[in-house]
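In the part that follows, the structures are each spelled out as structure tokens.
Below, subunit A partners subunit B and then partners subunit C, in two separate complexes.
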Partner chain A sequence: MTLAGKPRSEGMATGTAPRARDPNQPEAPWEAPYAITTANGYAMCAMRHMYEYGTTSEQLAWVKVAASHHARHNPHAMLPEVVTVEDVLNSPLIADPLHRLDCCVISDGGGAIVLVRPEIAKKLKRPLVRIIGVGEAVKHLTGGTFDLTISGAARAGPMAFAEAGVTAADIKYASIYDSFTITVIMQLEDLGFCPKGAGGKFVADGNLISGVGKLPFNTDGGGLCNNHPANRGSMTKVLEAVRQLRGEAHPAVQVKNCDLALAQGTGFQLATRHGSATMIMERE
Partner chain B sequence: MAAFASRKLAPPVITAENKTFFEAARQGRFLIPVCTACNRAHWYPRAICPFCAGDKVEWRAAAGKGTIYTFSVMRRVKEPYIIAHVTLAEGPTMLTNIVACDAHEVRIGQPVTLVFQDTDGGPPVPMFKPA
Partner chain C sequence: MTIKGRAYIAGIFEHPARLAPDKTVAQLHAEVALGALADAGLTRDDVDGYFCSGDAPGPGPASMAEYMNLKLRHMDSTEIGAPPTSHWPRMPPKRSHSASAMWRW
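The block that comes next holds the complex of A and B.
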């Protein structure tokens, strides 16, 4: 499996412009006039999450703060500077309630995963990582009867955990797709790392920082600080999870005895329709 | 900040599936698709009911009333606007814009009422303003 994208050099510098879509798609006439964009779509999810659960901008900011603490150890990260909650809140509002620092970077980049049969894997001279559980789900507007505080991970996650025979409490490291800070909070809840609505409290006070909190996440700096090369955003998530399981992450962010990791991806747009994929991996 | 759809709105592509809706919109009538098999209204409009897959969907007059399910003020653009999902009195929630109001007045749960907004050379599209 491969990923290669160069949205940055191709000029896709922002998530604030509507993306060109096929006008013949059935939803096109009901979306295009309203200028839904990546940023304001995720912003609507954040707004509803705040309304239902009392999630705050400070809590959203903690996701970015944690990512920045990891990015400073990554020489390739686009944004290697450590930021504070105040820095996030003081950055300009892009689409209420999301500030600029709630949004991921847009970068060029690529990645690849090589899958081999067990008998071949045994001959390779690298620490081996085995996929033990996967789940996939699609979420849509379902005739106008949706809940925007829930992502497809609420279905994909339980499938992956059931197949793997483990629970969220067993996971030592999690790569969570992070187009925006709210994306991480919603998926953590849906995957069962905390109850629905408690994601804001869960991520606060450095709980996602490796060596500090209970659930180290995105130790490469993630999309928020490191890279976001176009679609297939899960690729970079799987790569860092594999580094962690092989013990090859940067020593400053390497999780001790990391033998079980999760990678979570989301494709397209939480506010309308998206695909969700969960993968659980263990070190052999 | 005053928010209204001052930007040019691209006209929707008219298809066999949505033709009746936009013909009515030109006359200022807001229609909603209702399935005659399961008796449920849905949005966005489809010829096949998204709940029961029934093919007897008919257009009915809708009240043009709703409440704001969620919204966001889009600020980092030349002409700021308010995107929203509005839950209609008939049940389904639809993507739209909130217009003719100040951005700081908009709240989740707020009652809103339909206003048709002209597009650039096409039929008007449904948006909402505070009731």
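The block that comes next holds the complex of A and C.
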């Protein structure tokens, strides 16, 4: 199973230029004229989250700060420098309230995983990492009755947890798709790592930093600091979760006794319609 | 039917490049595929399935299957913005959901 692309060398302005969409998409007549950019849509979610729950720019920034603390140990990371909350707040505003450092990188690259049946896995000389739960959902506008602060993880997450027979409290490491800092906060809430609206408080003060906080996340630096090949974060989220379960993450960020990990993604546009998938993996 | 315990992730590979103007997209896909197989201790000849999403060039998995000279029994491609399991082999639904018209976000 492969993922790869090179938007960086192709000069793509992934988040800040309107993208050409299929004019046959049924929503096109209502949305295309407004030429929403990716950053616009995610900023709208962030603004609504601030309005509803009092989330602050400082809390959003903590997501990036945590990612940067992990990225400094990754020799391949595009942005390996540790940043502070002030650095994020002082970076240029891209789409209010999102600053440049609230946005993920644009990178080339890719990743792949090999899936095998149990009997083959047991013949190979690699640590045994098995999938124990998956969930998928599409969040859309439900005819106009929708909440900008909820992601598809609110549907996909419970399906995956039910299949795996575990809860968010059992998860030792989480890879959370991080196109923007707000993306992480919304998905953490929707997966049940904290109550809805409490994501800002949950991520503050280094709670996502491995060895410091309660929920180590994106220990490769994630999309915010490491890479975002083909404008996607799905594959790399699974890769770092597998490294953690194998005990092959960088020693500085390796979670002790990591036997249960989750990878969570959303794809397309958080503010309108997107796919969402949750996968729970276990070290056997 | 459930995926629980039925599939193992035996190999992983992340491309080290962050800027690759000298490589084609197909090359990047092939390099990560070979990297993940090597990590698993497998070879291309062991492969009987290939899955991708819209970032793989060509119609579904067809062009990449040819480019990598794979002999496949199972293949698929989906495109929904690529969250982690979006190009997963589909399993039959194992539980029924309440009427979708009742869903409110």
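Going forward, the second predicted complex is superposed on the first by the 280 of 284 C-alpha atoms of A that agree within 3 Å, B and C clash if a C-alpha of one lies under 4 Å from a C-alpha of the other, contacts with A are read in each partner's own complex, and residues count from 1 in each chain.
Here is the rule we use: a residue touches a chain if its C-beta (ideal position, glycine included) is under 8 Å from a C-beta of that chain, and two chains touch if they have at least 3 such contacts.
Quick caveat: nothing in here was measured; it's all calculated off a predicted structure.
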For the combined arrangement obtained by superposing on subunit A, do subunit B and subunit C clash, or do they fit?
fit
For A:I176, is the partner it touches subunit B (first), subunit C (second), both, or none of the two (neither)?
neither
For apex subunit A with the CA centres of subunit B and subunit C, the angle to the nearest 10 degrees sits at 100
With the two complexes superposed on chain A, say which partner A:T272 touches: subunit B (first), subunit C (second), both, or neither.
first
Subunit B versus subunit C as contact partner of A:F146, first or second or both or neither:
both
Looking at subunit A, which partner touches more of its residues: subunit C or subunit B?
C
Does the superposition put A:E136 against subunit B (first), subunit C (second), both, or neither?
second
With the two complexes superposed on chain A, say which partner A:I185 touches: subunit B (first), subunit C (second), both, or neither.
neither
With the two complexes superposed on chain A, say which partner A:I113 touches: subunit B (first), subunit C (second), both, or neither.
second
Quick one: classify A:P26 as touching subunit B (first), subunit C (second), both or neither.
first
Per-pair minimum CA distance [subunit C against subunit B, superposed on A] in Å:
6
Where subunit B and subunit C land on the same part of subunit A: residues 142, 145-146
Which residues of subunit A touch subunit C in the complex?
1-6, 8-9, 76, 78, 105, 107-118, 120-121, 124-126, 128-134, 136, 138-140, 142, 145-147, 150, 152, 154-156, 163-164, 177, 220, 227, 229-230, 232, 234-239, 242-243, 263-268, 274-279, 281
Using the touch rule from the top, collect the residues of subunit B that touch subunit A in their complex.
7, 9-10, 12-15, 17-18, 22, 40-46, 49-51, 69-77, 81, 83-85, 88, 91-97, 103, 108-109, 117, 119, 125, 127
Touching residues of subunit A toward subunit B in the complex: what are they?
14, 16-17, 23-24, 26-37, 39-41, 43-45, 47-48, 51, 92-98, 141-146, 148, 271-272
Subunit A-facing residues of subunit C, complex
2-21, 23, 25, 28-29, 31-33, 35-37, 39-42, 49-53, 55-56, 64, 80-88, 94, 103-105
